[in-house]
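Structure, as structure tokens:
Which chain is which? They are A, B, C and D, in the order written, and residues in each are numbered from 1.
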């Protein structure tokens, strides 16, 4: 068999190294982000970039993170699995990563916005919120 | 509903491959057996050198051109080398091909990575095109070349080109391109026994005879 | 029959926030290769689309497709979307049976003529109507009858889409795909054995929001069937490096090397298995150490053997090869015999010359 | 088809064997043999590509010795050989080929094209298409005892001359001696000094030898024409004489094709092994040198180069021997380019020299030799083939080149150590 003398540890390393080789897709994405940031500043327009639409490896992620950095806001949503919403060191540029209940990545986005859509309270939810609050108050009053 | 691309691939891998294998194996054997049984007369002259040893030696030594030959015919010799070496790297060291050979013969060996295979393929195609060019342009080769020679060279390049396109998904449906790749190999196998492609087997016999004829006289070969 | 939007109510009933729904829609856009900006529009469309009547026909099938879409480990939005349709007939799931069940189907067909969606799983036997019939109605008749008033048909699973396992050689029932019978309705094929649940619901979501998705030449939504599994496989780097598992229990297999030599059909199989994965994105066959069988492709059962490398010949090459050796040696010997006879004749006919007979005969042209 | 055409085709048919079949099966038309050919080199005319010269043999092989060719014939795709085909090939097979064997050395698939030219000539000659000059020589040799006619008187005179010059006894038809010496007509007529030279060397070395009055001629025009019947007839004379005299060995003289004819073709022409051995004169001299029986004194101070005769070196395997000998007597020995196994032909071997029609080709071919000699600028060219000697001498003169040509045996004799 091929390369049977290789040790198991080497193989795991190789596997990781191979999986994490940068594809070179990080830099074009960043140029797109810069352009989108311009749109946000000048026209207030929001842009969402889907990182699942192109080959994007661990190596690419590292480069992206290196350049964008970590910013002031870091939110963890708990909506049918976690979602991590984090502003980068570049204000207006957000990382939005959705995970399912088992913690597997569902989708990864870069959102160039004043505030990512997902963070905003949805009116539909607020409607239910109003009902819920009213219900709870009512319970308390009734109980008192 | 059928996938016509997959059906073509299955046709090329299935019945057509069977036909190609039959024609190839039977055809090559016919020609080799035909030559061997024809034999040659016993040589009554008293041998000075060692015909058998030199015959076997020449099978290998004739692989290398004599000094000065490359300068006189750079395209043919360098192109010939690159084409043959590239073709055989792509053919014999690409793991899917090894899997095919293993399936047919039970023999298997380690393969190499895609960079090597594709590098060899590209070089072999360039070399093949150069050989086509010199066949067309050089007066000596042009006069020697028949339409079958052109056909054979083009048919030898097709598996390389279609294989490269299919693996790299350059254009066309990849399954369709893979089907074309296998088809091109089937065709190459079918024409093989009827054309000069036979040299792949008979060159060893020719070199052996050359070496043994010269060797009997104690002359170089 | 209700046709007002049900989804918001369902969400509320399940305690699912709209934010969760929005997150799901964002993932849907990513999966369907739609622009991410479409996510809120999809959400809105799903929330407001009228609840369509769906008639689910199960023919020669194993119920695996229904199982896949209904049995998630946790309550999921896939289920919600599935629940949000008005499933008026599904003889495995519905409570009614016998005449009442058939009555429900006829009712739905009448009430929503021209608007209902037909989902089919399973292939249709053509040889004998009795091979598969429901309430005395042959699959063929039921399909024709039901399809007549449908807006569109979704063929779920490879059996309905392409004939699948029942059609495998020697195809004892004369099984055919839906598209072999129905030619005058839009048909969306969602092949797979079974299809990925997310893909089934995403296609439904797409149909509900934007209508028929863009299809490839095999009737499959391009969003899910444009790329081969091989292209997106995490083991692809090993293929490129020439590192292949030789058996299911060797070091290479344990190290996660490419499964090509073990018969993986990834290179010729189009599906998003390698990216969307199964069981809530946990894994997919190749990740579990088994090659792809190619189940989203027509005739996958007969395409040369599951454990045979894709490059290996698929026919009777062993017998052919042996025959070729025998035939070649025999014909070669025969040819050589003729040649030797020819030469012997030539030698026998040799006309001995001397220096004085070397010149050409007189009177020659 | 006329009788002679049929005779020619039949002769080709007789020549096909496994080597021929493997050669034609292997040729990929790469054209590399062209550059090995002196006639192509000097004319750049693609028709002189060696492999093209054996086309008729290829057709016979394909049509009659391959199953696929037979099938092609049956469906009417065969290509019958005609009188015109033979006529067309004449100038390729005889005029533009000296059977020098360079093409055989360079063919990447190992085709012995030279051997196939030899076979082609069987067909050509049987079909009546051999050059008239060679046929004339064959007639003279058949009726007389050399291709130049009857040389009995001449050799007697030359031997007498040599006896007078050297004072050594040379006996005709002496049975039981070790060696039978045969000579080429060229030597008898043009370079008779070689007889005295051999007498002196052999006398010193204690070698016993004789000349057969019945068979003193070594050349065999049958081999040049490429006709096995004629060649067999001529070689039989030597074989019979040698066996009658019961010599141990026959010495093949300084003549290229004679060496091929006697040593390598002869036994196969007569269909049996000889009752004696054949040795080339230079092989013998080198052997005497090794045994200490050939000693020289003094050296030639001229700038000397060596011309390798194709049939003796490339196709005969005698390569190091002449150089070892030459180094004994030459102070200033220089090699030309390609010397040794890949040396270029003198330009007129293989019957080309006798063929008037080929005159211009021969002259063109010599230009290559000329350039090589000019590069080295020797005072003297030594060789071991009387016909090369003859050709070079004439061609040098035609090209106004003042270079002396000498035979190696003669040169060795010149520097023989005087016995005290």
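Some notes on this structure:
Here is the rule we go by: a contact is a pair of C-beta atoms (placed from the backbone, for glycine too) under 8 Å apart; a residue touches a chain by one contact, two chains touch by 3 or more.
As the structure is a prediction and not an experimental result, all values here were calculated from the model.
When the C-beta contacts at C-D and at A-C are tallied, the pair with the greater total is A-C. Comparing each chain's Cα centroid with the centroid of every protein Cα atom identifies chain B as the most central. A straight line joining the Cα centres of chain C and chain D is 76 Å long.
Computed centre separation for the pair chain A/chain C is 33 angstrom, with centres defined by C-alpha atoms.
Inter-chain spacing, taken between the CA centroids of chain A and chain B, is 54 Å. One simple way to say how far apart two chains are is to compare their mean CA positions; for chain A and chain D this gives 89 Å.
Among the residues of chain B, those in touch with two or more other chains are 30-31, 34, 36, 38, 110-111.
Taken residue by residue, chain C touches two or more other chains at 241-242, 244, 331-332, 335, 339, 343, whereas all remaining positions touch fewer. Annotation for chain D: residues 16-17, 65-67 touch two or more other chains. Those residues of chain D that touch chain B in the complex are listed here as 16-19, 21-23, 25-32, 34-35, 40, 44, 46-47, 49, 51-52, 65-68, 104-112, 115, 263-268, 270-274, 277-278, 313-319, 341-342. Here chain A touches chain C in the complex through residues 1-4, 6, 8, 11-12, 15, 18-19, 21, 46-50, 52-53, 77, 79-81, 83, 96, 98, 100-102, 104-109, 117-118, 121-122, 124-125, 128, going by the rule given at the top.
Those residues of chain C lying in contact with chain A across their complex are 8, 12, 16-20, 22-24, 26-27, 29-31, 33, 35-37, 39-40, 74, 76-77, 234, 237-238, 241-244, 246, 250-252, 254-256, 275, 277, 280-282. The part of chain C that touches chain D in the complex is made up of residues 331-332, 334-335, 338-339, 342-343, 346-347, 349-356, 358-361, 364-365.
The touching residues of chain C, counted against chain B in their complex, run 161-163, 177, 179-180, 189, 218-219, 228, 231, 239-242, 244, 260-261, 267-268, 297-299, 303-304, 308-317, 320-321, 323-325, 327-329, 331-333, 335-337, 339-340, 343.
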